[in-house]
Amino acid sequence: MTFPLITSITEDEIDLNTLLDAITLTSTGAAAIFTGMVRGVTTRDDPHETTYLEYEAYKPMAEAKMKQVAEEIRARWPVVEGIAIVQRIGRLYPRTPTVLIACTAAHRDTGVFDAARYGIDRLKEIVPVWKKEIKPDGEEWVEGEYHPRPGE
Amino acid sequence: MTFPLITSITEDEIDLNTLLDAITLTSTGAAAIFTGMVRGVTTRDDPHETTYLEYEAYKPMAEAKMKQVAEEIRARWPVVEGIAIVQRIGRLYPRTPTVLIACTAAHRDTGVFDAARYGIDRLKEIVPVWKKEIKPDGEEWVEGEYHPRPGE
Amino acid sequence: MNKIKILFFATLRDKAGVRSTEMEIPAGVAVQGLKGILIEQFPNLNSQIMDHCLASVNQEYRFDEDKIPTGAEIAFFPPVSGG
Amino acid sequence: MNKIKILFFATLRDKAGVRSTEMEIPAGVAVQGLKGILIEQFPNLNSQIMDHCLASVNQEYRFDEDKIPTGAEIAFFPPVSGG
């Protein structure tokens, strides 16, 4: 059986209703969905305001790495049915959803929450997307920390 | 500061986009969303097919108990910003989302996934909603297991 | 006397045969006492059903020993199965 | 000789001043060797930057000792910051 998989780098709005429907099978009873948004105000660590974020991606590699994240999820949680991984790019303002990871399963006690959590953590490690933060007083690239190892 | 809270028993479609937007603040960077759907095919425990589910609610008490679930979430995870708890009722067919719990927070490592998981677990314990399952060969009420204690 | 409203949901409604009813009960009756009154009044309700079901008084879970206040709305229903 | 395509993203693009370039490199050169060639060619790239950045070859993460195959697409970029 083939399970639905969506991996996408897009400039369009992230439509949760459509994405959820696309990964829902007749055997599906539960979905765990994570979305990230642009914060206009950050209070933790280095408190600051954000005017907008400008996202870019190495698109073909990013979509390939999203597929890899999905394969890793399936290997760890074989009960997961559908997976959607979407990263929006371009100029994104506060309150806008920028990323979505959704996993479906027959039941909620199957690890489907952990699967979605794993998905966003891995996306932030290995999917080649970058953001430049534009603040009231200047702009700077946000730099990640993770250095992939051979095989990743 | 008052945080957005949506608690609703509704016969309308659950619109994830609108609900997410309603609980997103300018300080929000992460949302964990759970949805439950009608399974047309169940393979675990007692394998069977479902034609549709008919949901009913004791509406004013259900919305009050949803508010209680939200208060319990806030008490356990004070970092949670917005909360949406929605139960759809009426006749619902396989693949249809029936319930949604969504929690937002500034960051994803704040317990926001656990908060959503707690929310759906508690809804299934104390929110007075029942479903009758209509199968190809008959119908029966689905009975829960939880008996609330004084104070719940 | 205390005039109260009773609601039944799900299997309890099927057994009682009505969604709701109003009745007068003596002042000071507790949930347990009301269950006895209902078992007498509704032929398809029995003590096994009423012992297993949940009860709410004015939309809060209440238990056998809880007294029923004046003009209360009391509901009886099986363990919940939403989601 | 090996004709390859180079892509730069984010801070690396800002430093290089171009999004992409094509060049011919000797057969058998590894990622480390290519970094040296780029540092010579782009005045704002230096060994500190190139040691810190990530590299992909044909859209897979690759490392200093990995040889560059014929006609490869190689990208250089900082640690990712999507989400």
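Should a chain be cited, it is by its letter among A, B, C and D, assigned in written order, with residues numbered from 1 in that chain.
Simple rule for what comes next: a contact is a pair of C-beta atoms (placed from the backbone, for glycine too) under 8 Å apart; a residue touches a chain by one contact, two chains touch by 3 or more.
Everything numeric here is computed off the predicted structure, so don't read it as measured data.
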Contact pairs, highest-scoring chain pair: A-B
Distance from chain D to chain B - Cα centre to Cα centre, in angstrom: 49
Rounded Å distance, chain B centre to chain C centre (Cα mean): 26
Length of the line joining the C-alpha centres of chain A and chain B, rounded to whole Å: 23
Sites on chain B at which at least two other chains make contact: 36, 120
Touching pairs among all chains present in the structure: A-B, A-D, B-C
Chain B partner contacts - residues on chain C that touch it in the complex: 7, 9-11, 14, 54, 56, 59-61, 63, 75, 77-83
Contact footprint of chain A on chain B as seen in their complex: 15-17, 20-21, 24-44, 94-95, 97, 106-108, 113, 116-117, 120
Chain D-touching residues of chain A, taken from the complex the two chains share: 36, 55-58, 60-62, 64, 87, 98-99, 120, 123-132, 141-148, 150, 152
